[in-house]
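By letter and in written order, the chains are A, B, C and D; residue numbering begins at 1 in each of them.
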Amino acid sequence: MSLRTERTWLANGWRLLHFGFLTYLWIGFDDAENTFILLLLLFLLTSLRWRFELPAVFLLPDILICVLYFPYTSVSYYALALPIFEWAQRGRWPFSLSVFVALGFVPFFSGWLLWYFVLALFVGFFLDRYARNLEQWKKEADEQRKARQELERVKAELLEAQRSVSKQAELTERYRIARQLHDHLGHDLTGASLALQAHAYAEDPEEAKSLLQEVKSRLERSTHSLRETVHDATPVAPIGIENLERALLHFQEIDVSLRKSGDLLSVAAYQWSLLEACLKEALTNIVRHSDATAAEVTVQVAGAIVRLLVQDDGTPRENNAQSESGSGLRSLNMRARALGGSLSTSADNGFLLVCVLPLEQEG
Amino acid sequence: MTIFYFTLKRSFANLANLIFLTAAPIACIFLPAGEGWPPLAYGYAYFGIVILFVAIRLAQIMMEDRVKGILKRLSVAPVRYFSYLGQHLLAYAVILILQSAVVVLGGWIAGQELHRPWALFALYVSFSFAALAMALAWISVFRSKDAAFLFYMSLIVLAALLGGIILPLEIFPDLLRRIAVILPTFWFAEGLKSIASAQPFADNVRINATLCLYALVFLVLGSTRRMQ
Amino acid sequence: MRVLSTVRFTLLRLMRNYIVLLLLLAVPIALLTVFSVILSGMVDEAGRPYFDQTALTMVLAFQLFGGSTVMSYLNEDLFARNRERMTVAPFNRTLYAFSILLAGSAFSFLLGAAIMAYTRLVLGLVWANWGWTLYLIALMAVLSSIVCVIFVCGVKSFSTAERLSEVYGVGFVLLAGLFFPMPQHAVFEFMGSYGNPLTLSVGAVRAVEIGNWNEAWFQANIVLAAIGFLFPVMLVMGRRRLR
Amino acid sequence: MTLASMQSVLKRYGSCAALDYIDLEIHEGEIVGLLGPNGAGKTTLIQALTGILPVDQGRISLFGDSRNPFSDANKQKLGLVTQEIAVFEELTAKEGLEFFAGIYGLRREEKKKRVAEALEFVGLSAYANKVPHKFSGGMKRRLNIACALTHRPRLLIMDEPTVGIDPQSRNHILESVQKLREQGTTILYTTHCMEEVQEIASRVVILDQGQVVKEGTVQQLIETVRHEETIIFDVADPLGIPLRQVESIAGVSQVSVSGSRITVISAAGAGNLDRILSVVQQHSGVLGIQADKPNLEDVFLTLTGKQLRDREGSR
């Protein structure tokens, strides 16, 4: 849309210059009132061309009018430059060349006339090329936009897949732990419990002693296996809020305070990874685009959502801040949406980023 | 024809407009004649300026529609923009033609020397068309009603002066006289001269045709559909 | 002096009022330029260039419209948009109105002087007695402002007051016979000579050119007397309206 | 039936997207409230949906017609209440309405009847022959609405019909909208005032930065943020209350004291209020309790961190 207007803007510029030149010629060299009507007629045709997309054939009236005025005024020769330009502009330059034939009929052959025609041809030709190039670029831009959208869609699907995978992994792990507990711990504990019951009814002290011994060894074994299970299940890398805290610890450009509330354990790991990405993006943005001296990060878990708020006290530097940081936020927005949440930013009162994600329903 | 009817109604709704639309032409009838200049009585030359003013005042109604959002409302209604424009212009043209008729008829009754009343009437009508089209093109550029009017007013005064309505072109330097031809006001003054000096009929036709050409050009330029 | 602190802003507003600048500065300059081209070399019976007369008349005639800014500012600040705010503010509104009157007149006068300077510097017109001309420009500026204040205070609807001020300006230009000769009638003749501030001030300047200071003072004093007469009228009207 | 729909509509002004791939559907019989702060793209959305603005990408369909949505037949069924007061100042209220009725092809008796109806509907019958020049803001707004009613549109689009007017006129307008719905008109209603939407809309679409942030019924939207509750205690001895202890109650996210008033923001849910109250009561007499339920304003605040109503009244 804007590309086309740009092109017509240039064409209109040339048309206006052309009429300025004709008027100058007319005032300077030929002041017959009647020949001014020639200019008016041509101007009418040109403004029609400006308003409506007319086919190239509609340049014939221009030529006809000029030819009719040949005997009366020399301005009409120069006026032929307009059809030359218009045809060249539409990529029909052979037609333009045919107008040069008119030079043969000019009673006084002027070099200026020839050069003016050549100039019009050249400008028209240039505009044609320019328009084609623009067309090409536009097409490429469209294709790229399409490709980007495709990518974003794939990304969303991947995110969805990641979410289900991580959930699957969690379930698997839970199952493994449950089985381990059942297999070793459960077995031993049940045994110990039975042995204790038997001990209560045991009359023979020797038997009671051996039962107690069994209880002891079973409990020892189960303690051991419990320790092992817990050790296996405890992650080595920090997760959840610790990760966010660590990110803040490493970030020392400005003062950042963290407030948290609610039951942070109900937030799933894949959600933490998004929140962490948001936090990092926000902090980078603050450093890069604003003069903030302090920022406040709030993580709230309440009811069915988790909410991350990053607010700084700076005034964002206007101009390109928006566009530069756009792609990062855009992708985060996509991810947030893929997880059923939303992300929005505002620069009204310091930089503010809000990311809201729904929590998994328990059970 | 709803739009046409209401445009007429709105044109006369405002008291200032009403006075302007009726009193100005009547005043023009009774202005005295000069000595040798202008070709007809003063009022008949100044009526050209009146036409220019009336045209912009009327066209402002359309501008108001655009600025106030009525045009938005209409573009949602089953009405073509072309029909909206056409009916408005028709209404304005009717008003201007009536004014011209009043001036010519009034002058004839009041005993002014009009030479050829029919030719004069035709000249006024074609100049009215040109003035309307110019006003239309002018307002399509502006957003503020007052700015558009005051700017145009200054231009009218300049154009009337340069076109030879206020002062005879004969005293102009050569260059200015040539430039004057570009202005529609020149053709209006030329038409008055031609009527007063009893030029052949074809001359009148030529001048009227030129004025109509101006009208067409500006109509094409001014009929672009704008919303804001 | 709370009013004094507002004067600066009144002047700023005046200076940034582009439409007024266009109408009262750009248009006369354009017209004078055109006239100077058209009338170059032409002289009247007395051998003085036509253009002198035209330039003088135009500079003074545009002063007739100088009061319109005073009128619109008064209306906006005291009667329309800012009315409530001004009424509750603890300052003297009469004095404020007066400051607008003075600032508007001074601005109009400055525009007139600027046009004069333009004709002198660019168009090469020699003013016979520029001090005297400036005095008359000042008189005209003050008179037109006072008249406009009377209109805006005397008439309820602002648009009517605006029309009246236009009638005042265009009317006196017409009565002075600048567009076409006025009919031969005692009333028109009076309004075309001693009843018309425009012809009076033009006459005063012309009289000085031929050295007739008595006539010059006489004509200028009539304008001054008009100001002296209308000033109390304005005060009465203004007080009644402001209350 | 779907009366109007937009599919991934994109509209750019320069490089910034006023509508960023918007999807929207309006079904017969709904009142859809379009909510968003100033500059969210509400007016652009409406202008795109009515064909006033051409869009850069996407598909718009009106009354099931996506090939030629802005045909005369479709326009005949569409009504638009503009944000500006687009009425004729020179014409009386009745004449202005007759103008618009005429535009929609109504003639003579029919026209008279419909105009009288529309005037009656907005409560301006007594002012039928007055020029709107002297009307109050609310009356002009009502006339502005009446202009879009004479042809009885099936789908009425109202762009901020209640900006800058008195509560009485506003209530009148809201009642009229309800009444229109009862008569079977489908309405798309934009505003940045959440009370209005809460009152009348059957479905709410929240718009921010050219995107649909959330949509659903008022109840659904509130459900999504029904996580917080603001509880205000008026107490006899505010200093005696151990704020730390209150803060440590599970679910409480914020406690603040001003004068004899203690404001606690806590997760909503059974039991919380009890627990807080018991702590407070241990240390002081409680004079009054007030608990605010979340409203749409909170929904918006939660989703975007922005107030809906900043800068209201600046136009």
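The rule is short, and it goes like this: a contact is a pair of C-beta atoms (placed from the backbone, for glycine too) under 8 Å apart; a residue touches a chain by one contact, two chains touch by 3 or more.
Small disclaimer: the values here were computed from a predicted structure and weren't measured.
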Requested in this report: Report the chain closest to the protein's overall CA mean, measuring from each chain's own CA mean.
Outcome: D
Query raised in the report: How many angstrom lie between the CA centroids of chain B and chain D, rounded to a whole number?
Result: 48
Report summary line: dist(centroid_CA(chain A), centroid_CA(chain C)) in Å evaluates to 61
Requested in this report: Would you kindly tell me how far, in whole Å, the mean C-alpha position of chain D lies from that of chain A?
Outcome: 29
Query raised in the report: What is the distance, in whole Å, between the centres of chain C and chain D, each centre taken as the mean of its C-alpha atoms?
Result: 53
Query raised in the report: Which residue numbers or ranges of chain B touch two or more of the other chains?
Result: none
Query raised in the report: Residues of chain D touching 2+ other chains?
Result: none
Query raised in the report: On chain C, where are the residues touching two or more other chains?
Result: none
Query raised in the report: Which word fits how the chains touch one another: line, ring, star, complete or other?
Result: other
Query - Chain-chain contacts as defined at top - result: A-B, A-D, B-C, B-D
**Report entry** Residues of chain A touching chain B in the complex
**Finding:** 23, 27, 31, 33-34, 36-37, 40-41, 43-44, 47-48, 50-51
Query - Contact footprint of chain D on chain B as seen in their complex - result: 2-3, 5-6, 9-10, 13-14, 68-70, 72-79, 227
**Report entry** Residues of chain A touching chain D in the complex
**Finding:** 1, 261-263, 300, 302-305, 307, 309, 311, 322-323, 342, 344, 346, 348, 352-354, 356, 358
Requested in this report: Show which residues of chain D lie in contact with chain A when the two form their complex.
Outcome: 15-16, 54, 56, 208-209, 213-214, 224-228, 250-254, 267-269, 302-306, 310
Requested in this report: Enumerate the contact residues on chain D facing chain B in the complex.
Outcome: 47, 50-53, 72-73, 75-76, 78-80, 82-88, 90-91, 95, 98-100, 102-105, 147-148
